[in-house]
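Order as written gives the chain letters A, B and C; numbering starts at 1 within each chain.
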């Protein structure tokens, strides 16, 4: 059986399947800017523009041409990495987004790791003690977590840990003013500081990262813990677990090799959903903690009706999300042997 | 027996009085069982009723005018006369929190209603007939899902214009995929069930099979989805107004109140952000808890 | 493995030979479950023993507690179940009070188990070879170095072809029969002394069933193992077991040697069960208990005048092709749009030039193993599925030419009805029994039928023997037999001419099956219907049908009068089918 090749081809097919999603995302973003009621040129010129500059922008963006042609122009611009200029700063949107992206990614990934580290053991614990107090406690924490508006949790944490207790640094950005940001390698401050052996800066960056990351993690705890619990419960009651127990396999083998590995598959699929939540909540958390990521950039742009910046943000978030989903899909393909039969 | 015959003679549906009464009775009994056996559900249900009452009668319950400013009592911490304190303009935070209930509920109820109706129609048809409609609607849903949903909502409101209606539409659009997918999956697994084939043999048309036989059975998971989504819809709407979209000040709304209070929290005036935030949290919490409870009530297999 | 465990392993390898000649002794075992409605006793006061090398059959219908008994013996009850009282001793070890770690030692090594539904019994994402290794290494029967070789050896032992390749297979890549062989391999991997087989062949074809059970018999005999065979099928149990115990509602009602029990069943329940088991030479009426009240038939319909020389149904050169596509999609892909591969436009021919006739008032059995095309054929005749080619002439009209969609609302729809395989699946969970039965009346009946619906439903309930008090109940509040009656009432609501019975009793207990089969026979005469009985079980088909069609691989293998075909099969395949049916000893009259 030629398992490796068929698995490779499955991965290739998954890559292919991401293309329509990518195309759809571009079309929707394009439509959001061009095909809606109102004058897009006026949108792009910003509220302060006069009639002449609006006309100028209309021409420069090709808005006087038919829609399909505009779309081709849009695609061509995108291919060159061109997303227009921000009206408030005058800077190219694409450059600004790329500069700010590492900050957002650092926060998102750290929060997600934190969430996974808490949610998965919690789900397993709840599933192995169904109906017991520990199960109810987990369920309560999880339901409360998903009910917390992230912007509210963030503020509450700031109030308690910064204002009342003074444990946390001031909620302004990625690094206190007293420190110099480390030379960019990965763009993640904590890792970059560690790479040059600057433990103090790494610690300061981590301290800044902690509260926003906890805020985000609390929110994403619920889907992960719930799914872990549900799938673990389902797997534990399935017949092959009974077979494994009847064959006298040790508790660790039954739970780990047999139950958990099966239960983790649906958890991986929910990761996509969780990423969607996290990237959205990211915007709010960045605003609360003045985090210099692409989310706070978009919020600032929204306030001054800087549409080129907002649309650039929406598109780049969507592209990022498509890429993350692709990674999740490929991960799944690698873990689940049954997947080759699909499609 | 006479009643039944009368109904049948009048050409009424075959659900006669006796069976209807009996079914209502068992239904009530079941609801009571679910509520009493699970105190959490009972709590959620009580909270839900309270929130609805606040939503309907809020303006009459609120002790002060939510918009009346009074600079002399600005930024007062909670006290007996102002339970939740006052804001920077001297407005009563409690009154504003109470009155905001209606707007927040209205936005999410409208959004969820739109996405439920549209999502179940699209999902049911796609799940039952398959074919080109399934492919096209699937692509469409996939495209929506290819965006981080809150970000898409931001983009939609930014493009459509910054109004409350557009918040509703944006929230509805980002909720649509959930209903469409649940409906599609639930309809699809029942498409070839024995009772569906039997219904076809009994002369039901495809549309009737879908509407009268399959869809009612797909409803319980949809109901749970509604309850869970209500909380999420409220969160989204409040999140959008937190970043300055949709509702404008001075309209009382939880998200915008938290945003306004955020500026004061680092200087210790916590009540302006915490109380509306807590109200928001409680509402979402209620709907999430209700989602679990609802499943037990709606699922007929749980009844004995 | 700790030294303690190894020592312990030695002691239990040598059960005390002097004190007892029995490997297992169970005394007054009672098992209780805590449920929403309080404590339920699933097994009450059950005692039995198994001698070394003996095969014991535990026979009972659903809910008799036969499986729970074996789970209790293995101490693998669900979390809400517990052993309330009684003793279980295995080779001098008190299983009831043994520690969990002792039990883990015993499971798999001393006592092991084979389950029904073999595919679900294996870890879906672990190579089958690895699963074998897990068990052997757990009990110290293999080391990391020699585990693979030993696993392949085991695969050879259970007669799996290309064991080296199959070692790397996942369960989904194997057939049901092969999966069951793997499950057997897991169970015998550590040469246990007792093998418990819980409905090991349910869901498998009759020829596969024979192969699997023969293999189990051979392996256990070779290793001197004792076996417990748990089954609902008395015929099967008697063919493979030395001794039988019969359970009913958690209690043992009778215990005797297999031949003895058939010759002289002592308990009324055993007698009823033996009577109800279809067997050669028994008439359908023989299946019912002797003291059964005869059903009061409603006034028989005046036999209609049938057109001379024309069959009710004539199927000519029927063909059905399916486009070949990937097997069942997975849950997570259910949401995603299906991607049909446009390369390889191959088709799978499910039904191949099939010809068949059914006369007025005749019953024809359509028999074959899973995948033979019998269900596809019945769906096409039923006009739920459009044939690729061929004609279906029903009562003189070519209904095959009518698209399935149009047929659904045509006047012929009411004349062709069906009773489905799974009575639970075939009733709308949100419809009461009354609504289900009335549905066809409202949809296909004229205005006067609709006005008269209530009276008609009552009469239908009478005809199928469904108490009227149950009409307002939902399916989940009805028993299997009652649900089957609702399904039959719905099917005959509009006086069909042809009724397709798709394994109508496959999901029912044998005693209920006997009643339902008799009901069907009565109704056929009363309503002057023809039957097309689709089944895998020749023994059941024989009871109801005058003619049998044997299908294999989409084609007709053999057709003939039932008695002639069964006593003198013309093809090798039919002979094989017949010989695979387990034959219980003849019952003393």
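FYI, a contact is a pair of C-beta atoms (placed from the backbone, for glycine too) under 8 Å apart; a residue touches a chain by one contact, two chains touch by 3 or more.
Everything quoted here is computed from the prediction, not taken from an experiment.
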{"item": "Pair with more cross-chain C-beta pairs in contact, given A-B and A-C", "value": "A-B"}
{"item": "Chain of greatest Cα-centre distance to subunit C", "value": "A"}
{"item": "Whole-Å gap separating subunit B and subunit C, where each centre is the average of the chain's CA atoms", "value": "45"}
{"item": "Centroid spacing, where centroids are CA-atom means, of subunit A and subunit B in whole angstrom", "value": "25"}
{"item": "Computed distance of Cα centres, subunit C from subunit A, in Å", "value": "49"}
{"item": "Per-residue overlap in subunit C, given as positions that touch at least 2 other chains", "value": "none"}
{"item": "Multi-partner residues of subunit B (each touching 2 or more other chains)", "value": "139, 142"}
{"item": "Subunit A-touching residues of subunit C, taken from the complex the two chains share", "value": "74, 76, 79, 103-109, 112-113, 115, 117, 120-126, 134-135, 138-139, 165, 168-170, 172-173, 183, 186-187, 189, 326-327, 329-333, 339, 341"}
{"item": "Subunit B-facing residues of subunit C, complex", "value": "36-37, 334-338, 382, 384, 405, 408-409, 413-414, 416-418, 420-422, 425-432, 434-436, 438-440, 442-444, 450-455, 457, 472, 474, 476-477, 487, 490-491, 493"}
{"item": "List of subunit A residues in touch with subunit B within their complex", "value": "20-22, 24-25, 27-29, 32-33, 36-38, 43, 143-144, 146-152, 155-156, 158-159, 162-163, 170-171, 275-281, 283-284, 287-288, 298-299, 302-303, 307, 310-311, 313-314, 317-318, 321-322, 325"}
{"item": "Subunit A contact footprint on subunit B (complex, rising order)", "value": "139, 142-156, 158-161, 231, 235, 238-239, 242-245, 255, 258-259, 261-262, 265-268, 270, 273-274, 277-278, 280-282, 284-285, 288-289"}
{"item": "Residues of subunit B defined as touching subunit C within the complex", "value": "4-5, 8-9, 11, 14-16, 18-19, 22-23, 130, 134-135, 138-139, 142, 181, 184-185, 188-189, 193-195, 197-206, 208, 213, 216-217, 300-301, 303-304"}
